[in-house]
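Look for chain A in each of the two complexes below; its partner is chain B in the first and chain C in the second.
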Partner chain A sequence: MREPLFRAVKQEGAGPVRQLMAYGTAVLLALAVGAALLAVQGVDPITFYKQMLTMGIPGSRYPWRAVENFVKLFVPLLIVSLALALAFKMRFWNIGGEGQFIMGAFWAGFAAMRLGERLPQPVMVLVMALCGALGGGLYGILAAALKVRFGTNETLLTLMLNYIALYFLQFFAETKAPWNFFLDPGSARPKFAKFPGSAQMILIPVGPFRLNLSLIAALVLCALIFVYLNYTKRGYEIAVVGDSPSTARYAGMKVGRIVIRTVFLSAALIGMAGAFHMSSAGVMSASPTNDVGWTGIVVAWLAKLDTMGILVVSLLITVLQFGCQTASAAYPSIDANFANLLQGVILFTVLAADLFTRFKIVVRGRKEAGK
Partner chain B sequence: MNDPLNVMTLFLFNIVLMNIPLLYGTVGEIVVEKAGSLDLGVEGTMAVGAIFGYLAGCMADSLIVGLLAAFLAAGLCGGLFALLTVSFQANQNVTGLTITTFGLGLYFFVGKGIGEDWPALASAPALAGGFAPVEIPLLSRIPVAGKALFSQNPLVYLGIVTAALVWWYLNCTKAGLRLRAVGEDPAAADSVGVDIVRYKYVHLIAGSGIMGLGGFYMALNMSGSFEGSNCWINGFGWIAIALVIFANWDPLLAILGAMVFGFFNTLQIYAGALAGAFPEPLGWLSSVPPQLYKALPFLITAIVLVASSVRKREGSGQPAALGLNYFREER
Partner chain C sequence: MEQRYAIEMRGICKSFGSVAANQGIDLEVRPGEILALLGENGSGKTTLMNMLSGIYKPDSGAIFVDGQEVSINSPEDAKKLGIGMVHQHFKLVDVFSAADNIWLGDEKAGGILKKDRYDIIGETAKTFGFDIDPRKKVYNMSVSEKQTLEIVKVLYYGAKIVILDEPTAVLTVQETSKLFDVLRRMKASGHAIIIITHKLNEVLEISDRVAILRKGEHICTVETASADEQQLTEHMVGRKVELDIQRPVVEKARPLLEIRDLTIRNDEGAAAIDGVSFYIRGGEILGVAGIAGCGQKELCEAIAGLRPIESGMMIHRGEDIVGLSPKAILEKGISMSFIPEDRLGMGLAPSMSITDNMLLKKYDQARGPFVDRKGGRAEAEQVIRDLEIVTPSTETPVRRLSGGNVQKVLLGREIKAGPNVIVTAYPVRGLDINSSYAVYDILNQQKKDGVGILFVGEDLDVLIGLCDKIMVLCHGKVMGVVHAHKTTKEELGLMMTGALDLTHKYEGKPAGYARDSRIGEVGMGDEEVEG
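Moving on to the complex of A and B:
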């Protein structure tokens, strides 16, 4: 049979220098593609990128406000990416981040509207986080249990659950009825009511800046997950199940239980991110996710599911998204969607770069080196 | 206008008219999945096919050019997916989702970039004429069904023919049989001499191209008016992925499935009119929340998915190696 034009041959661990070179080149290449596209639209790429990277903060009248908004975007993305990586490490393809986030947001909102008047702020914010975690976690368990029990394809099932959750939430957003306590009774059109004051996220004043408590929570979670994955038995079990379920079974691990437990944890964290987002926003929304369930998958993958890597990558992707939003305000022909385009190109080039770190390329007709 | 028969006819006519893109998307994804690849990029692929197909069709003022451009542009997305997942062994879920992100990003980038110079469908009379209904002699005169089924635009008929041809290809040709072998057990197919890489490339490109035709259809059905906030595809790509499961990976069942899902999609718009026209039997329709109609395709699919896994894949058309990359050295 004819040999293909080029093929990949596995190679073990490329050195850090080679990895850095490969990924650095990939990102630069993606930025160059973006620059070319900008130039075609008649936008000066250098100016645009400069505005994007500085996120309009210098020269702004309220620079701290921009940082606060940046944090609001960053926290959900960080938590969701970390959570998804937990499931991905086990090769459980949880692409239901959107749905779990929505369910978390919904139940957090439920708690806020029902109990908000009665509880003091610190208790209320905590209750919301727990309700969100439980709502998201149980929604995730649905797919995990079916996967474990019947082998249901979790990729497709969690995908369907995303849309079921979305329309579930929209039903409450768009139905004007006496029983619907989510809506503002004063408005003739269906409109979400603001949360009571105690359900708003706690903001710690640091000079002119108001530090969002959920940022601290997210960083703590990041550290906890790092420890959990690297230094605990349960974390180790996740890695073994991901590598080979049959090895895990042979070693006496209860694979089904590990899968369900880990997916619950993953989905619960995503639900909690939804709850944090609700508290920070102070009001429900019919589409609260800002695509974080999808972007989280990209972030987790770009970071190779590495906890510290996710911290860095989610920060960079937030800069990209928030920066594009601010920079594009000055140009009628560009909008925030340019961030998606660029993010796509970056992922393509990075996936291609993966090849050069994990595999050697053998071109047809040439001898494999060293053989 | 409020004549009950008229309302019913229009309702049925619109079920077909508005939901044929689902069929294109589904048939394309069936081809892709039969090759063992789960491409979650349908939404983005359709968007890319839509915008480039529409622009090329307008420029050349020709339906054929539009179809070709849509097929090619979307086919390139499929080629990219194949390059990354087949040659570069990248994860299929991540690559597919990125195709969607990228495709939608590109759609808005191109649309916004053209801005004021956006071509109206009216500026391309031959293209618009090509999308006009064609009445099939005799059959179109059947009451109700004649209007709903036999007075549609040519792309409706093309969609049905495509589905039938793909069914024939998968079930009655040698290449189709081999393709299914690639999706079921690539190692076994490889060992009997099927060129896995070539099969995957060809079918990922062709399947994505078919999705692109659905996108082009949606562009024409929206009269090509570009809105900055909403993409023409509007979630149909995701419904198509659901529909593949509902249709059990069978292109002929996909025709039926597209009509079932289309029924709910269209009911959402026509519930009020139908309740008004038939107050006695259908009056309750207007009290059903519209979000339920939107959720139903996904709800039904989730149930089908679970039910078929409970039955241990017996009779399921789901390829066994779906979503798994094939790396020869690990055979």
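Moving on to the complex of A and C:
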């Protein structure tokens, strides 16, 4: 029997430098694939990528406005990815980010429309965030409680709840009726009304730039979750339950309670992201999520559920999405979907790179290194 | 016997990263011979066999089958060369029938499941002298049946060289002797057999020659007929080892844990423990003997508060512990460690570090919202030092350690917590001699410190050597409690199968009731013994 030309040999403990190099190569490879696709369509890849990476900020008449829009995309993705990682660490496959985000957005919008006229802005923004967190969190608890009580499959449940949330919101978006206070009474066709001024996200002027308060909130959350997962008793419980529920029970942990608490937290953060998104936008939307519930899953896994990794990856993915959006404005043949395509290719190559950091390839006849 | 070897390995080397698992190993087996491969945990036995079965590739060295040099690149290649391996962890599809598990890998069978597969497989099994039901689903099978199925599978594919990795680790005495009959039949029909095991008496009973590995190196190969346990152990460990289990005599204290008329149901709702009464004193090891699955697991779980009981009393130092949460029972100083068949299932979080595993039961005791990792690390370091655990660092995930070290981590943590009652089931399961003795020493030390120990074991020699008294279970009922120094293996064996009932041997008091029982003096109690 002949030896095959290549074979994989497992190697342990690839250093961080090697790992970073592997990921860097993977991203470059993905960009190269993208470049080829761009070239086929007659777009100069170098100009396109340059525009994508600079996100159209230099040379723009309102460069700070571009940064503000960037933040509006970045904040929800960061919070949702962090929140999903929280549940994933416990091996609770929450793929209901979309639905929880919508529920958060809905209840934040509810609060804005009902109380917006009466409350001052700082209170109103806080109330919206809390309503969003509660709305998203309770929606998440539904799947968690059923799993704990009856052993249902959380993947299926959270997935289905996404669609329920989506159509629930669409019902309010499209039903023109006197009771439907979400809609603009001045419009003959169903159309969401703008929020009252006090329900708009607080913007702190820093020179010409208006700093979105939700960015600060997101960064603080990031730090808090890092500490929560790595240093607190509750974070420890999550790790044990994720690793082995029977061991957790043996150690005297109340597994059901931990699952419910963690999923509530995860879903509440996602709901809060929805609320932030609503007040930043200033108006409800029938499809508010921009797919963060799905993209967040990709981010969480690319970052291997590491909190700091999520910060970096979500930043990069937002650059990709926002950059593609702005860059494609100049080319009729390219649209924002190109970002999704590129994202897919990057995910693929990074996963492949992962394989190369864990295994090395040995060519037939050559001795393995390190002998 | 002809001199050509069925299999020959020359100068085999294999390393994983910086760890050399095998260094220049030579090994040969003749047809119609049983070779035992002996070595401590982590000495490279399984690695070596995995190279024969195509799971790993050697870094250097050559393998010959029937005198021909071969390169085995996959289990598929091994199968074609007539090498079959029965792994320690069975490779079976639980929801498939016995026949389908075999059929699954048969390329000639084509894409359609034919009805006659049951007959064909049933016939094959019969020609090799096995009795299996080809239609039975794997999840309905006992461990022994699964193992038989693995062997039939290997033989069905025409293996002439059969490797068994610790086949007896999960079998009872009776099942083991059945397995050995099978191996002898295979040997008679000209198969070459390599068997990995830790149990020296089995090595001496079944093998023709013994190859001994130590730290990845081939120490020697000896003829079994000229070897004895002492000599094999010395080769294996590299120094003289005392093979007698100590049984220190300790002043006995009043009963720590008293169990009265306990009935527990198993997951299917049948009575797993049926009206059982016994008690453990401080400074005593009470052994529990019984055929696998006769209620040991349920008993351990009930004492630890992990399984509700049907009826009866569990009294710890005069206090009722029935219905308490696992946490409350832990806080009373009752430690339970159960080593399941997969060795990792309960008691440890496999992906977490040794430090984190040290904290498992007491992470909540630290003040404030944070986990005390510093304390955990210090404890991990101490346990690693005290029990000679081999690990790169305290932050290594437990699943990366070898089996013996995993068990030491678990036991080390339990003892570190300073319990007054230790319930331990199969603490030496799959451990080599050296580690096993380390565990016995740990338990004896605890006994000297006045701890009451319930030791659920499989090896009757060990139970007789280590324990003060032995309780025998049969189908969830107590067959009697005997003094270890007065009993024999035969007597225990009869009791385990239910043929001998000694529950009414001692007149004057009901069986399993302590004379100086603390039941009834609720809320008093702690003055004389402190764990």
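Heads up, the rule we're going with is that the second predicted complex is superposed on the first by the 344 of 371 C-alpha atoms of A that agree within 3 Å, B and C clash if a C-alpha of one lies under 4 Å from a C-alpha of the other, contacts with A are read in each partner's own complex, and residues count from 1 in each chain.
FYI, contacts are C-beta pairs under 8 Å (C-beta built on N, C-alpha and C of every residue); 3 or more make two chains touch, one makes a residue touch a chain.
A quick note: this is a predicted structure, and the numbers were derived from the prediction, not measured.
**Q** Just chain B (first), just chain C (second), both, or neither: which does A:W93 touch?
**A** A:W93 contacts chain B only, not chain C.
**Q** May I ask you to decide whether A:A251 touches chain B, chain C, both, or neither, giving the answer as first, second, both or neither?
**A** Touch partner of A:A251: chain C, not chain B.
**Q** Looking at A:V40, would you say it contacts chain B, chain C, both, or neither? Reply first, second, both or neither.
**A** In the superposition, A:V40 contacts chain B only.
**Q** Using the touch definition from the top, say if A:Y236 reaches chain B (first), chain C (second), both or neither.
**A** second
**Q** What is the contact status of A:V363 with respect to chain B (first) and chain C (second): first, second, both, or neither?
**A** Neither chain B nor chain C is touched by A:V363.
**Q** Given the touch rule stated above, what does A:I216 touch, chain B (first), chain C (second), both, or neither?
**A** neither
**Q** Between chain B and chain C, pick out the one touching the greater number of residues of chain A.
**A** The partner with more contacted residues on chain A is B.
**Q** Would you mind listing the overlap between the chain B footprint and the chain C footprint on chain A?
**A** Residues common to the chain A contacts of chain C and of chain B are 1-2, 4, 7, 9-10, listed in rising order.
**Q** Please give the residue numbers of chain A that touch chain C in the complex, ascending.
**A** 1-4, 7, 9-13, 231-237, 239-240, 243-244, 246-252, 367-368, 370-371
**Q** Write out the stretch or stretches of chain C touching chain A in their complex.
**A** It comes out as residues 15-18, 57, 59-60, 70-73, 77, 80-81, 304, 306, 325-328, 330, 336, 344-352, 356, 359-361, 363-364, 366, 369-371, 373.
**Q** Taking the complex as given, what residues does chain A use to touch chain B?
**A** 1-2, 4, 6-10, 37, 40-41, 93, 95, 146, 150-153, 155-157, 159-161, 163-164, 167-168, 170-171, 174-175, 294, 297-298, 301, 332-335, 337-345, 347-348, 351-352, 354-355, 358-359
**Q** In the complex formed with chain A, which residues of chain B make contact?
**A** By the definition above, chain B touches chain A via 38, 40, 80, 84, 87-91, 93-95, 97-106, 108-109, 112-113, 115, 193, 195, 197, 228, 235, 238, 241-242, 245, 289-292, 294-295, 298-299, 301-302, 305-306, 309-310, 312, 318, 322-323, 327-329.
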